[in-house]
Amino acid sequence: MLNVYLSGEIHTDWREQIINGAQGLDVTFNAPVTDHAASDDCGVAILGEEPNKYWHDHKGAMVNAIRTRKGIADADVVVVRFGEKYKQWNAAFDAGYAAALGKSLIVLHGPDHAHALKEVDAAALAVAQEPAQVVDILRYVLTSALPK
Amino acid sequence: MLNVYLSGEIHTDWREQIINGAQGLDVTFNAPVTDHAASDDCGVAILGEEPNKYWHDHKGAMVNAIRTRKGIADADVVVVRFGEKYKQWNAAFDAGYAAALGKSLIVLHGPDHAHALKEVDAAALAVAQEPAQVVDILRYVLTSALPK
Amino acid sequence: MLNVYLSGEIHTDWREQIINGAQGLDVTFNAPVTDHAASDDCGVAILGEEPNKYWHDHKGAMVNAIRTRKGIADADVVVVRFGEKYKQWNAAFDAGYAAALGKSLIVLHGPDHAHALKEVDAAALAVAQEPAQVVDILRYVLTSALPK
Amino acid sequence: MLNVYLSGEIHTDWREQIINGAQGLDVTFNAPVTDHAASDDCGVAILGEEPNKYWHDHKGAMVNAIRTRKGIADADVVVVRFGEKYKQWNAAFDAGYAAALGKSLIVLHGPDHAHALKEVDAAALAVAQEPAQVVDILRYVLTSALPK
Amino acid sequence: MLNVYLSGEIHTDWREQIINGAQGLDVTFNAPVTDHAASDDCGVAILGEEPNKYWHDHKGAMVNAIRTRKGIADADVVVVRFGEKYKQWNAAFDAGYAAALGKSLIVLHGPDHAHALKEVDAAALAVAQEPAQVVDILRYVLTSALPK
Amino acid sequence: MLNVYLSGEIHTDWREQIINGAQGLDVTFNAPVTDHAASDDCGVAILGEEPNKYWHDHKGAMVNAIRTRKGIADADVVVVRFGEKYKQWNAAFDAGYAAALGKSLIVLHGPDHAHALKEVDAAALAVAQEPAQVVDILRYVLTSALPK
Amino acid sequence: MLNVYLSGEIHTDWREQIINGAQGLDVTFNAPVTDHAASDDCGVAILGEEPNKYWHDHKGAMVNAIRTRKGIADADVVVVRFGEKYKQWNAAFDAGYAAALGKSLIVLHGPDHAHALKEVDAAALAVAQEPAQVVDILRYVLTSALPK
Amino acid sequence: MLNVYLSGEIHTDWREQIINGAQGLDVTFNAPVTDHAASDDCGVAILGEEPNKYWHDHKGAMVNAIRTRKGIADADVVVVRFGEKYKQWNAAFDAGYAAALGKSLIVLHGPDHAHALKEVDAAALAVAQEPAQVVDILRYVLTSALPK
């Protein structure tokens, strides 16, 4: 059985593609909260309003870290997806965190980002461009079967 | 004595400002190679040319990791600077790596990046905007003296 | 699934509030022995009387440590509650112990204690005032649902 | 050589008594910032004012943690002093943190606190009442000499 | 649930007393091979004869270590029993091994051995004289119930 | 229950012999992908062709490492088989990796390789020549039964 | 440079033989307090009398553990000597503690104890009978020179 | 400063080439005993003859492990050289051991061995063919200077 954490970009359906593609494999998936508004506001919604935007964000990021740390700590494999837009520093942070814990890291991004991600890719065991390739890796690792 | 690793942006003189400001304090500084061209080409310059840009980059990133890992592993404090430009995913990766190792993390960035860096800031013990503030922290931590 | 250890104050029903509030969530709760008399006397009741009160207490504290260490070691999240009365140094000790192990720490206390607990709060991912907020955090972390 | 961290109460001269008593022994001492005002205000003095007292305290506690973590991580022996007054939860937090890291713990307190500190004492290798006893322990550990 | 490893003396029925006494509690017990002849000869019986008694013993001790290491590594609590006879250095070795791994240690021996075992006892959370006391500890740790 | 990883030679049926021989024992077996062609080509088959044989091999070795690392990390016992042919450096690498993680190591090879494998054997708890001996060890470790 | 901890028997001059024999080698030696009376009484001499012999011994064993833990934790090599007399359970405890920390262990004892020490010897990298052999090992490890 | 361990082949002067080439750099080198006869016979020369060649080899391999473990544990960078001849399984074992400890690994071998070493190379940060390339890496890592 593999425990896989799906970190990074939250604006496309890449997680669903991987989870659907991996049906029938002995994999457990975890991920951060992908509801953008909930993720941003969880801290103040639960622990009380903050007039200062910095502390508003801070409280939310801390609450989200409870889930993120657990997800990465439990994982055998951490997949980090970098999308086309935004800074996505939290994705790169998760990749560094996972690498330092010795997790098997799979990075998922398009060719345009290859140069900017070279240090992240250098810490990975696989660099994929498409979610289907991640599914192929999981299937191969678990069953020895290669894509036809 | 504090061992401090200065990670991140390499296009301004923030490292020099901190190192100069900390003169007289019992601090050892380390940093990645900040010569951009050398850093990009070190892999192929030493280990042989690669026609494919991806592997050119990969070889260099791997060689640079020898220095980066040593610098972070030896550090008591890791300062990560995010500048105005570029993706800077390696900076966020270093921050995650340092956080997972339990290093004291100081993040240095302007207010515009606060929202995008909220997960990185949430792992830090201090979030500064100016190099002089990092110097003030180091002086306080080592000598108990606050800025006047 | 989350494993949650509920440390600290034993004179109010805050543990029951959290456990009841979390019904339906995939959480396992553990806690120290909360029967005050049993907790104080377990050492001598099992291992033999001590005429000296110090060793009476010591034997009990050691036996209780078997349960406490296991509870914290197995936990993903450690909640530490500081009540209105008593020194509660064991609660702060558990918080420090949990922090050093890298557990996600939630501190629960009223606003009057905020200044005295600032070092403990600084190690936490959430600082709550009410047990219901802890339930809200657990629900959010597990299901992404915010309180309405 | 022993590296000793002196944690806890900052209102009496117990640290000076130990450091003076240990002159001639091969010991390095470290301690938190003991200037109460500087310790409370370091965060805002360096990183900017906070109108909310909670975040004022938080910023300071985080900056102080840079020094505290380093001091405990480097120590062979952590001495934690509980005085007559105040909550001193940070002292108990440091004791728990040191215990989880496997540091040799010496607790220093008067007999009135023995019951309330029984869990902390249970994690210690020595429980002393006077600073001079801590000096005697350090001398014995380093030189085999007992007090006359 | 507690995982308990029962190390040490193999000539009396103390393990059976504890296992029987703990019926109904959520405990899993493990132990070394207690068939003395099998334990002494397992190495050569499986891996081939040795004319030299030293290597005969060595091969057996190594094979037994596969079971012992697994038993201690998996344990929450390690109980080490010292009987009336023999050197029992392997029992003390197991106690040291368990202590270094941070396991909760319970030592079981008669009062005659107290002085000779003082360093081992000093690493324990409980020192018992009778198997029934170990059962009482396990019941208390799991259910909060004290013996009547 | 024992988790056993079967590393090394892939050209004979030694794994099947051990797995069949261990039927009825509480053992879980894992192993690398033993389909030689799939193992060599998995990287390029999933992640894209490489004209350079070195990178072709490299991509495959990295993908296989996802499975290998997981298998060794989860194992209580790592069996490493050295066959008659080939360099088998990956087998020796796995043995070193397992030894550094403190896994119980069983090495399986014929007498001709004894001198060349002396450093690997020195890190092992058992050195066997036949798969049936590995089965005997597993049976003894789990049930105390010696071969008749 | 090698840091060597000399644990065990305190009634013969084996430590002096090793230390004298190793003159000129780059070795630092540490050892427990070998003054038997001081070692037994250090706890009560410093921290106050105990009417009960058990607690008298306990306080001393705990204070001695400050030195012992530091000595073993700092060591590259732990030499444990078993003499002709006494139970010497603390020596076997130290051996187990050192083994669990991955220290290189050298056991020193006469042939009569070989069977009783087989589990301890099985964890060692060398089993010697004479102090001069330990010196020979240290010289070889540091300089490659074998005894003539 | 970098601590570098030079593991592997002992029949050519590759270590001298690296050490000479690195003169002037802040590097400390360590290596196994490279006197083949001494390395093979150290166990029996110091600890007594063995009629059985297997135990002769075993005793030597164990004594050599004292030096090897220390060398790898202290290293920042482990260079493993595979020569043209022999099985060299100890070299691959050291590479696996170093990789599991998170050391920066540089593998040094000719192109003929690339396929057989693909799993070892996959764990490395650099794969070099000539000792001079290792010197170039060390110089670059320490000084940022590339070869001209």
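Going by the order they are written in, the chains are A, B, C, D, E, F, G and H; count residues from 1 in each one.
Here is the rule we go by: contacts are C-beta pairs under 8 Å (C-beta built on N, C-alpha and C of every residue); 3 or more make two chains touch, one makes a residue touch a chain.
Since we're looking at a predicted model, the values are computed, not measured.
Path length between chain C and chain F in the chain contact graph, taken as the least number of steps between touching chains: 2. The minimal number of chain-to-chain contact steps leading from chain B to chain H is 1.
The greatest centre-to-centre distance from chain B, using averaged C-alpha positions, is reached by E.
Comparing contact pairs by residue number, the interface of B-D is reproduced by B-H among B-H, C-D or A-B, since over half of the pairs coincide.
Centre-to-centre, using mean CA coordinates, chain A is 44 Å away from chain E. Per-chain Cα centroids separate chain B from chain F by 40 Å. Measuring from the averaged C-alpha position of chain E to that of chain G gives a distance of 23 Å. Work out the mean CA point of chain D and of chain F, and you get 50 Å between them.
Of all residues in chain B, those that touch two or more other chains are 62, 65, 102. Chain contact summary for the complex, chain G toward chain E: residues 53-54, 57-58, 60-62, 64-65, 68, 82, 86-101, 113-123. Considering their complex, residues 33-35, 38, 41-43, 45-47, 59, 62-63, 65-67, 69-70 of chain G touch chain D. The touching residues of chain C, counted against chain A in their complex, run 2, 76-77, 102, 104, 106, 124-128, 133, 136-137, 140-141, 144-147.
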